[in-house]
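Going by the order they are written in, the chains are A, B, C, D and E; count residues from 1 in each one.
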Amino acid sequence: MYSIKKEALGSLLAAIGAKRKLYVPADNAGLILFTPYADGVSVNLSRNPDVSAKDFFFPQVENICRFKVCGKTVDVIDNREKNEDFVVFGVRACDVKSFEVLDNVFLSEPVDGYYKDRRDHSLIVTLACSKPLETCFCGTFGIDCAAPGGDVEAYACGDSYAFRAITEKGEAFLAELSLENGGDEAVEACKAKINEIKAKLPLSDLTTEGFGGGKTKDLFNNPKWAELSASCLGCGTCTFVCPTCQCYDIRDFDTGNGIQRYRCWDSCMYRDFTKMSAGQPRPSQLERFRQRFMHKLVYYPENNNGLFSCVGCGRCLRKCPQSLNIVKVMKALREDD
Amino acid sequence: MQELIKKGKELFANGTVDRIIGWTRGELPYDREIRVFRCAECFEKDFVYDAFCGANLSKYLIEESGKEGKIGVFLKPCDSYSFAQLIKEHRIKKENVYAVAIECYGKCDSRALADSVEDAIYWITDNGPELKIDTVSGAVVRNTYDYMLEKCAACKTKKHAPGCDETIGDEGEKVDDCTRFDIVAKLEAMTPEERFAFWRGELSRCIRCNACRNVCPACSCEHCVFDNPASGISQKAAADSFEENNFHIIRAFHVAGRCTDCGECSRVCPQHIPLHLLNRKFIKDINELYGEYQAGENPDERAPLTNYTKADCEPSVVYKRGGKN
Amino acid sequence: MSVNNEFRPKIVAFCCNWCSYAGADLAGTNRLQYPADVKIIRVPCSCRVNPMFILRAFQRGADGVILCGCHPGDCHYTSGNYFARRRMTLLFSMLDYLGIEKERTRVEWVSAAEGAKFAATMNDFVDTVTKLGPNRRLEDLRCKN
Amino acid sequence: MNRIGVFVCHCGTNIAATVDVHRVAETLGKEPSVVIAKDYQYMCSEAGQNMIKDAIREYGLTGLVVCSCSPRMHEATFRKAAASAGLNPYLVEIANIREQDSWIHKDIEEATEKAVILGRTAIAKVQLNTPLTAGESPVTKRALVIGGGIAGIQTALDIAEAGFEVDIVEKQPTIGGKMAQIDKTFPTLDCAACILTPKMVDCAQNDKITIYSYSEVAAVSGFVGNFSVKIKRKARFVDETKCTGCGLCTEKCPQKKVPNEFNLGLDNRRAIYIPFAQAVPKVATIDPDYCNMLKNGKCGVCAKVCGAQAIDYKAQDTYVEQQYGAIVVATGFNPINIDAYDEYAYSQSQNVVTSLELERLMNAAGPNGGTLLRPSDKKHPKTIVFVQCVGSRCDDSRGKGYCSKICCMYTAKHAMLIREKYPDTNVYVFYIDVRTPGKNFDEFYRRAVEQYNVHYVKGQVGKVVPKSDGNLIVYGSDLIEGKRLVIDADMVVLAAAIEPDKSARSIATMLTASMDTNDFFTEAHPKLRPVESPTAGIFLSGVCQGPKDIPETVAQATACAGKVIGLLVKDKLTCNPCVAHSDELMCNGCSSCEKVCPYGAITYEEKGFRQPDRTTKMRRVAIVNEAVCQGCGACTVACPSGAMDLKGFANKQIMAEVDAICL
Amino acid sequence: MADKEQIIRISGVNPLKCMKCGKCTATCPNYDEMEYHPHQFVYMVEHGEIDKLMASESVYKCLTCFACVERCPRGVEPAKLIEAIRTEAVRRQGCNRLKADDIPARIDDDMPGQALMMATRKYTR
């Protein structure tokens, strides 16, 4: 355990930022967004950032390669960005868990080289949630926001921050910073306080009972889906703010003298998602809506040893234009039993 | 709200409608979902009309009015213009809708309200000018007017568009000292460099989630050009800053003269982009160059972009007006 | 290829088939010079020009876009240029609002008899855009190489 | 894969002098889809065209690019060549490297570089061209003429002559129009009735012509070749098929105080009337505003005296629906209301008359039986003052901005006739300019001055003051003498401006035909297509298009008939294939496109669409009538969903051109 | 020529609109008193003969009855030109046609009081 005074955080970040690329949660138009650290950036650790940390590894848009037309021949150029080591500061337990969900997808064979390269270059400094919100339900999925994990764990305890290395990589990172030891009791107190709040959260009693692998038959034809999906606009907000949504599209952009092939986030909420020459197996918003939640709560755990692909970060609860969300879905489907 | 519930039950009872679309309590204290109620009992039980019912119901009527039977709807003044405009564009089948005009004194920006409270909220009591918020670590109070939606703070009218079947309460008036163009004017007064920097800052946050488009009652296209590879400009992500600009310019242009300034785009944007400032620029220009026009207000009037006069100003007017150099 | 280090703008000119394209032809017939930076796209009427085309031109690296049509009142299709006039006014105003240099866009009415006006307009426009320098605010970097 | 052929023309030295044509061909030959690129001295020559045709066959070209002069010059030539070699003519694109390149640049490098870019642009476009076939639509071989004046009559007769059915719709009880009211015609001074009435009779007797008199057009739908028109036949309360036109009823009708519109209210007629002796059809009409029987059920005299039992007081308006291939507008004109010009005392003195009223006063069939007597006391006028340009050539706020064209000549005619018949009459004509462009026109005017001693005064009348004895003091200026004339006149004749008939506006709306600010119909082209409206299938005859005299009207009427016949002889109309097309899967049915279409080519239909969930949803979608669409593309931009596109100038094609230029 | 532009600017009249019909002159109630007549005013302004006009009594013979303005088919408004010439005359110091002292001698018994007031306003500064 290492500890620094709260006011020393700025110089600590500056020290990290001097050596590596550093991303910190910072204010931006009333939002908190992961922002490259620089002088004048207004660091804000008060709550979980509005956009998840997934795009450090799985960015919204990523170049894959370029095809260049020269007369009647075509050259293929690998023009992906070269990654350097980088640090993300202030990732919460839920987002850390989401990396596991993403890893299962991108790092299982065949390994996604683009994703892996970014993962390899990263170092994650997490932060325990001292003030979880009414939208938080990470506990539902067995995530402890008081023990966020990552390479280095950080705690905001009173007037100081405490840091603990979790991985070897984290150990080396902290060693470099030559911090003072201490803070163990403060962390325990902090954890206790967090647990106290957790018990009071409005969504603290939500459980995964009734969901998980093997529940497809129970849930798929539930008549509730129609009503649940009725007001869904089919926008992609929930999928884009979600830390675990990992669907992407590969597209070609005609630059006039060649093709830029890139991949970008896609959303199962979109009507051309899964559209094939033979037609659209999910013809209406009902099927698309059902797909998203069935995937999070049934299909993914079925294929990943019971790991749910929802981490309870609550972003979709905050961001859905029409107040639809996974909690409502879980509660509604459960009512039947 | 009781009056609305009474009206709803009456509409069910006398067979005017077989369903009503309205707001209902959501998962969180400030969440209001949209639901189609199919019986008087569930309507009475779950229907809610309060400070958090900011969502515009009009767009749902495109789909709903195409179904059999007649649907009831409650329309706030700003929603009624979207409704009237969609009827004008033949998107809503009026004969299948029973529209009730209702009063509105401004709705709460629930996201801003929630963000203003550090702790988890488990209940909100609406005391009119004050909102009492119970959190896990005690109660806090917020002034309602400080947390109004932008569209309500800059409300243009409390008067409904024509086309509603009946009105509950008194019909309001246009807001005389409406401030909705203030920020547009402020931007116009900037230098192009400042404006460019402003919009880059805003639009670079765009994640192309399409919430603005999908919630917009004017964006009711069967197939949006941005989703249609045949259009030549389809985009799934803003892969370059150009595409951020392009999407928002074209979207604003496509709704120019049709946008009723209902403010939904800005309400739903998860990235807090002030999209209404784009639409209002067009509205302001149209008002100044071609005469006052409010989409949805007059069912027989031509939209400004499908109309002209021989004496219209030349495009070079742009060089002379607006903005410094 | 001529080696020239000074900035030469790329200009796209949309010309309506009936007036302005014929005006451009007349400029040619009368041997009235204007810079080769201007390339003309023939459209049936100024009202055929979609704002998408103009943005597309900027995306692809155009430095200026000019739209030429029949004089108001003389449209071959009676009213097309009136609609174009409104559309372009609003579009240009919006571009200006977004901080895109408004001088990069222009509408001119050129009749089939106005070869001289066509050439003069193009000379002036190229001049204006050359002074502005390359379009940086509405370009797509992917199209650069 | 596309197989494009590129042909670069030298145009002698026109292109080759400033553009390195070999290099252009060589560079373009390296473009991905180009399979052959050649240059040649004159592509438009027979040898050049053969080169193209051979290449189409040899390489199986799917597209052709010709780098040459303006497409306005030779696009048709190369399209024809392509078609003869089996390539769809719309798979040809022209790169204009002469007018827009070689002729305006001096630097060979620069011009060559530009030629390559223009060529590449054309290649980019042609790859997206689709074979287009001109559509066809059938033609109903029947024409409608709206208006039965001399213009309508002449057009109808000429069309009937060619063997096509023609219907004339005339809102008055008889055809004949203004010419029937005129006494003599300039410059020949022959009797108007003598030349008009035989034509009216011809119309009545021609079995190809149907006259709907006392009728109006109520609604028009359809498009060129296929108009559907609803005609309202106003109740005339007399059975046309039974009435013999004997006129007994018009003598016996007790209601004698109806102002006679044919004589411009200068005398009275009965409530049942035949407008004039030579009316066609010669049947009586009851004026419901004056008939006692119709107003209060007390009378019935006409029914009693009618031997043919043609009177039917219970008659109602009826409607006829008819199909037409072409519609001719011949709605004519009226003199303007001159009450606003109170300086001329028109409303104060009966002895101030308009020229048309003078026509009736001098006409043998007029109120005075042809003797010119002034209206107030039926005395022979000894001094008559003519005032020109009353309401013509005015500022917009004061009258009509245009010259009414016919006044100078008819005034000369009136002056001359008066001087001839009553040599003791003093005749003054106040003029601003005397306009006599026309065959034998100036000679005619000079005759009035030289032979008949009409006093032409360059100047204008400022004021007319009626006196108690009916005479009028006329204050006029003589600008040449530089003095003011004060004339004690017996009569003043005002040459009132003419304006289109008031009914024209609503007819234009029904026909979607355009009008100018004066409500004259606009022609498709002021010089090259003067008798057609821009709306296909609508033709213009007579003064409805602009002021003109009888010879010009007849000339235009015949020209118009020629155009109509040219349309009606076709069994099918071929349409311009570069028309708008709506993708109904994407169409919202929002009506934006319809609002900007100048031709009314877009209509809407409720159509069922199979949904992904196998249900059928009804949706309103736009349908473009390809026969009516002229291909301007206004709708393509109005359409927010991009459902509307223009064939031959599709969004993708234009964007490909943009891309190629900006590359 | 500057004079001409000045008159045109003051009056707002475009003399080129005149089509020389003479209706203004024909309608002028004070025709007989004038050396130059309304249509000539227009013509002379068009030709820049301002000094000649300004020197002429005719300018002051105009009754400003506006008959010429009312009747002119082209909306040329000759009376406004005359008014402009009068104004210009007043503006030129020393060009005042009448000095205040000269007026009493010219008053006769028939002259209405209002005309006197108008004249004072018109002819003096």
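In this section, a residue touches a chain if its C-beta (ideal position, glycine included) is under 8 Å from a C-beta of that chain, and two chains touch if they have at least 3 such contacts.
Values in this document were obtained by computation on a predicted structure and should not be read as measured data.
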Going only through chains that touch each other, what is the minimum step count from chain D to chain E? 1
Based on CA centres, what chain would you say lies at the far end from chain E? A
Taking each chain's centre as the mean of its C-alpha atoms, which one lies nearest the mean of all protein C-alpha atoms here? C
Between C-D and A-D, which chain pair shares more contacting C-beta pairs? C-D
With centres defined as the mean C-alpha position, give me the chain A-chain B separation in Å. 30
Based only on mean CA positions, could you tell me how far chain A sits from chain C in angstrom? 47
Where the centres are mean C-alpha positions, what is the separation of chain B from chain C, in Å? 36
Any idea how many Å lie between the Cα centroids of chain A and chain E? 87
Which chain E residues touch at least two other chains? none
Residues within chain D bordering two or more other chains: 596, 638, 651, 655, 659, 662-663
At least two other chains touched by the same residue of chain C: list those residues. 51-52, 56, 60, 79, 83, 87, 140, 142-143
Chain pairs that touch, all of them, please. A-B, A-C, A-D, B-C, B-D, C-D, D-E
In the complex, go through chain D and note every residue touching chain B. 585-592, 595-596, 604, 617-620, 638, 640-643, 651-652, 655
Tell me, which parts of chain C touch chain D in their complex? 1-2, 10, 12, 17, 21-22, 24-29, 31-34, 36, 39-45, 47-53, 56-57, 60-62, 76-80, 83, 87, 119, 143
Along chain A, where are the residues that touch chain C in the complex? 253, 255-256, 260
For the chain D and chain A complex, residues of the former touching the latter: 30-32, 611-613, 659-660, 662-663
Across the complex, what residues on chain B touch chain C? 184, 187-188, 192-199, 225, 232-233, 239-243, 245-246, 249-250, 252-253, 256, 278, 281-282, 285-286, 289-290, 304-310, 312-319, 322-323
